[in-house]
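Chain naming follows the written order as A, B and C, and within any one chain the residues start at number 1.
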Amino acid sequence: MTQVPMGAVPKKGEEKLKIRKRSNQSIWKQMKKNYAAYLFLLPKLVLFTLFVAIPVLWAFVLSFQEYKIFGSEFAGLQNYITVFQSAAFMAALKNTLLFTIVTVPFGVITALIGASMIFALGKVSQSFFRSAFYLPTVTSMVIIAMVWRWMYNYDFGLFNYILGWFGVDPINWLGQSSTALWALIIMQCLIPFGVGIIMYLASMGSISNALYEAAKIDGAGSLKQWWHITVPLLKPTTLYLVLLSTIGSFQVFTQIIMMTGGGPGNATETLVHLIYKTGFRDFEFGLAAAQSVVLFVIILIFSVIQFRVLRHDE
Amino acid sequence: MSKMFRKSVLTVASVGLAAGVLAGCSSEAEETGSAEEFEGTITIWDGPRWPDKDDNKFHWLEQKIAEYEEANEGIEIEMVQVPWAEMGDKLGVAIAGKGWPDIAPVDISGSAVSIDHIEQGVVEPLDAYIDDEAKKDFYENALDAYTYDGKLYGIPNSITLHTMLLNLDLFEEAGVTPPENGKWTYDEFLSAAKELTFDRDDDGKTDVYGFSTYIMPGYYEAWPFFYKNGGSPLNEDMTEFTFDDPETVQAIQDLADLKLTENAAPETHGGNDVGGTFQAWANEEQRTVAMQPWATWAIGAAQGAYPTNFMVAEYPAGDAEEAKTIGGVGGWTMFHQDGDANKKAAVADFMQFISTTDEQVTMAQNYGVFPARISAAEKDPFAENPEMARAMEMSEQVVMLPRHPEWRKIDEAIQTELQLVFNGEKTAEQAMADAKVVVDGLLE
Amino acid sequence: MKNQSKRVNKLIIYVLLTIFAVVSLLPLYWVFSTSLQLSSYQSEDMERPVSYVDSNPPKLYPMGIPLYFEHWGEAREADKAGNAEEEAYHREMMDHIVDNTFSSFVSLFQKHDVGKWFFNSVYISVVVTVGILLIDSMAGYVLAKKKFPGRNLIFWIIISTMMIPGQVTLVPLFIMVGNLNLMDTHWALILPDLSMVFGVFLMRQFMYSIPDELLEASRMDGASEWRTYWTIVLPLAKPGLAALGIFTFMNVWNSFLWPIIVLNSAELYTLPVGLKTLQDANLASFKLLMSGAAVAAIPMIIVFILFQRYFVKGLTLGGVKE
């Protein structure tokens, strides 16, 4: 027991072990002494290496290859050039960006408003509404997409029926380029962002009441309190939710394959659906790998920007 | 030795031919391996076919497997059940993942297995097992579909084609006379479609439409309409896109205008809802469309699960003056084997075992396909099924799709543009001009 | 005066939230309503049978319910009036309505593989959940409470892959699974799922809160590492395990993209994959599709209702500020 006594472990991954400063021999000794820890880690490490680490590295290698069933060839940057020259990829990128730019802010803002309203209620109503908004989140997107496809049905769909009340002619929602992507966006907006609501509720619960009391004494109304106390204090949660839902929305896939197949034309093609098609219908693995690397870089850039922006004006 | 003999007899019997094959067997045995010496497992994929009384749609192959295993000790055959709608994609994925079965039912003119796969060596040639004598029993176009570069890559077991299905109840209700012998011109078709579009209860909403179909990559129900003026998607030597010639552009526009200007087709005409389209024609509670084109399986469905008073008609003839239809050839293909010549021989043997004349007759009668063997067709499997017999007469009109290694992508480029014609966003001329850019790029 | 405006405010909130809740639950409601919708009904005065499944305007609740009671009432009246024939007719209609209402569930299990798919989904979700709980809590425990050379390196490597979207590894993972000869097996789903890293992160965060004194005391008693983990750490980590377990179960139950790639045999499908093939097959009616969807949705709804509070806990734990 020469090392740091267990009770004195600093909290939260901040501590830097000073092992590095010791001699190699001492590291070896330490490893031997802690063999149990390695054993505990072993199953995860093996699985992780096989099914996460190697595939990630492999993806990069593949993106520079022309994959053939018997033997692949080095292709240089050809796959990346093809990616950016392809009209389908550009359409997919544009559609995915539009989808993200509309649905993410909408989802986060409605979650914030929804959570704020729920927070003002009693315990029973709180848990009722929380469940009502979270239930669609636990339901498979496959199911939701099947129903929505039906709701958008030209002849029997709910939407055209409701439009009929207002004397509006039925719309071929998923069948024409001008509406298909918007139909998917509307659908996404009307599925409540359950995770967001629950996280906002939890964060609101941890805001100290004293702040509100003080504001009340200053004569601030509840709307003002909300805007000046609640919203700013929820910023870390907001940041997290924006990042989370951006990443999620860049990966939109299930709705596409279940509802439109990317059509009509390329009107609803998205990045992940395109990757799926390139990889598993056209079997151009090299190209699909290049597309997914590009997707990764785009998500990374977006995340960094959001992180910067939302953090900066804190 | 005696086992070997028995096997040879079986092979001969199953091919339905005499001496030639027996001689072939002994002389080529060294290079081609011997099925009797193989012990192990053969995997075969199949989709649901016709049901038995317990509603088991795989009973036919199960039965064949049992018979074969009984006769060949040491060989085990494993069947993988794959829904037809997924078969193409799944097979492609399995090939890409090097997890292919030994045998699968493949319409090689379709898109699941492509010329590209043959070029990459994924599909095994069968010439060593089926000699010229044996080939004589197959229709030539059926063999052609599986022949590439002079080699045979599958045993054809069925021929399918697309026909028009007309709901006769709706014809009667609208007072329209169905075409005599199922033959008509496009103008006759058009006027029938218009008359068949009507408002049953005078509520201002159309209850029944004359015609509808859908447009999707990999589906060709609508395509014979595009061939009607004599055009085809690629030129003879497959170096150029030719669907943009004025005749074809007109043909495409005609079919789209059925909805866009003639209002004789529902809004969903040219959409991508295959199931919904079929339900609109066949489902007893809907029947909102009088005419739809389908592959022959739908004839079986309309005689069985969806009993309908219908008739089979040809696609209307256009300027080319003779009706055209698109056909496909189904059959069994063998996938790449790693060196084991004996296994190869056993796989080929089993493939022939399930492709005999009798099996093809059984399949034709129960499953709504035409036999690929002349001897099977001569047994007149549709003696009691005039609709199938009518459809079979149409086989002379069959046009095959171009067989290009990149067909899958060419098809997708064309079909996505077609979708835009049918929803009125582009004219046929514009869409085909746009498709030409992409397709000619792929043809290079 | 002030109180009244507060009450009005609250009322507005309730109204808004209720509208929002109705919109959000409508699709799910529609699944169940359609799965039980009457698809064929013909009373004496009707010329042809009608289907309420794809009727326009759409029927907002299963029409079997009012029609059943209508016939029931008329059967009773006929009985009172002594009209046996009339009564028999209504009784028959009542039977037809019941049969038709549940017909698609019956055919799902009899004619389709839904029973198998259901079992596969349960089996895979349970195996993965149990496996993840064990493997990740072991890893999380040592990463939080032990010090050994390479600990931080391992942790950061694992965590950094959390940022990489799953699609990046889709193709290589597919080739890997093919090379391991796992195509078209349930292992092709289970093994990659067991490799997910989120649980390690979650467990490590959670294990921090376990007091070191307890572990120290156990060690003093001469307990082995395994024993300490099994008897002290795991029981204390129960809430965290519950949260992780639920999320794992939900993710695996609903996963779609990967299963449609690696599963070929219909008998191996999970429910979402099976549902897609039902939709792709031209012969499936919408009522049948929605019944399949209901079968797939019900288990998750039950899990959610039973373990709601762990969902909340899991989300708030998982979302810990970096």
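One rule holds for everything that comes next: contacts are C-beta pairs under 8 Å (C-beta built on N, C-alpha and C of every residue); 3 or more make two chains touch, one makes a residue touch a chain.
None of these values were measured; they are calculated from a predicted model.
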| item | value |
| --- | --- |
| Pair joined by more contacting C-beta pairs (A-C or A-B) | A-C |
| Chain whose Cα mean lies nearest the overall Cα mean | C |
| Approximate Å spacing (C-alpha centroids) for the pair subunit B, subunit C | 38 |
| Chain centre separation (subunit A, subunit C; CA means) in Å | 19 |
| Subunit A and subunit B: spacing of chain centres that average the CA atoms, whole Å | 42 |
| Multi-partner residues of subunit A (each touching 2 or more other chains) | 155, 280, 285 |
| Residues of subunit C whose C-beta touches two or more other chains | 54, 174-175, 261, 279, 286 |
| Multi-partner residues of subunit B (at least 2 other chains) | 93, 96, 98 |
| Residues of subunit C touching subunit A in the complex | 9-10, 13-14, 16-17, 20-21, 23-25, 27-28, 30-31, 34, 54-58, 135-136, 138-139, 141-143, 145-152, 154-155, 157-158, 161, 163-176, 191-192, 194-195, 197, 200, 208, 212-213, 215-216, 224-226, 229, 250, 253-254, 256-257, 261, 271-272, 275-276, 279, 286, 289-290, 293, 296-297, 300-301, 303-305, 308, 311-312, 315-316, 319, 321 |
| Of subunit B, residues touching subunit C in the complex | 45, 55, 80-86, 90, 93-94, 96-99, 274-275, 277-279, 283-286, 301, 305-306 |
| Residues of subunit C defined as touching subunit B within the complex | 39-40, 49-51, 53-54, 110-111, 174-175, 177-179, 181, 183-184, 261-262, 264-267, 277, 279-286 |
| Residues of subunit A touching subunit B in the complex | 68-70, 87, 153-155, 170, 172, 174-178, 260-261, 263-266, 280-283, 285 |
| Residues on subunit A engaged by subunit C in the complex (per definition of touch) | 3-4, 6-7, 9, 11-13, 16-17, 19, 27, 30-31, 34, 36-38, 40-41, 43-45, 47-48, 50-56, 58-59, 62, 114, 117-118, 120-121, 125, 127, 129-136, 138-144, 146-148, 150-151, 155-158, 161, 164, 190-192, 195, 198-199, 202, 222, 236-237, 240, 244, 247, 250-251, 253-254, 257-258, 272, 275-276, 279-280, 285, 288-289, 292-293, 295-296, 299-300, 303 |
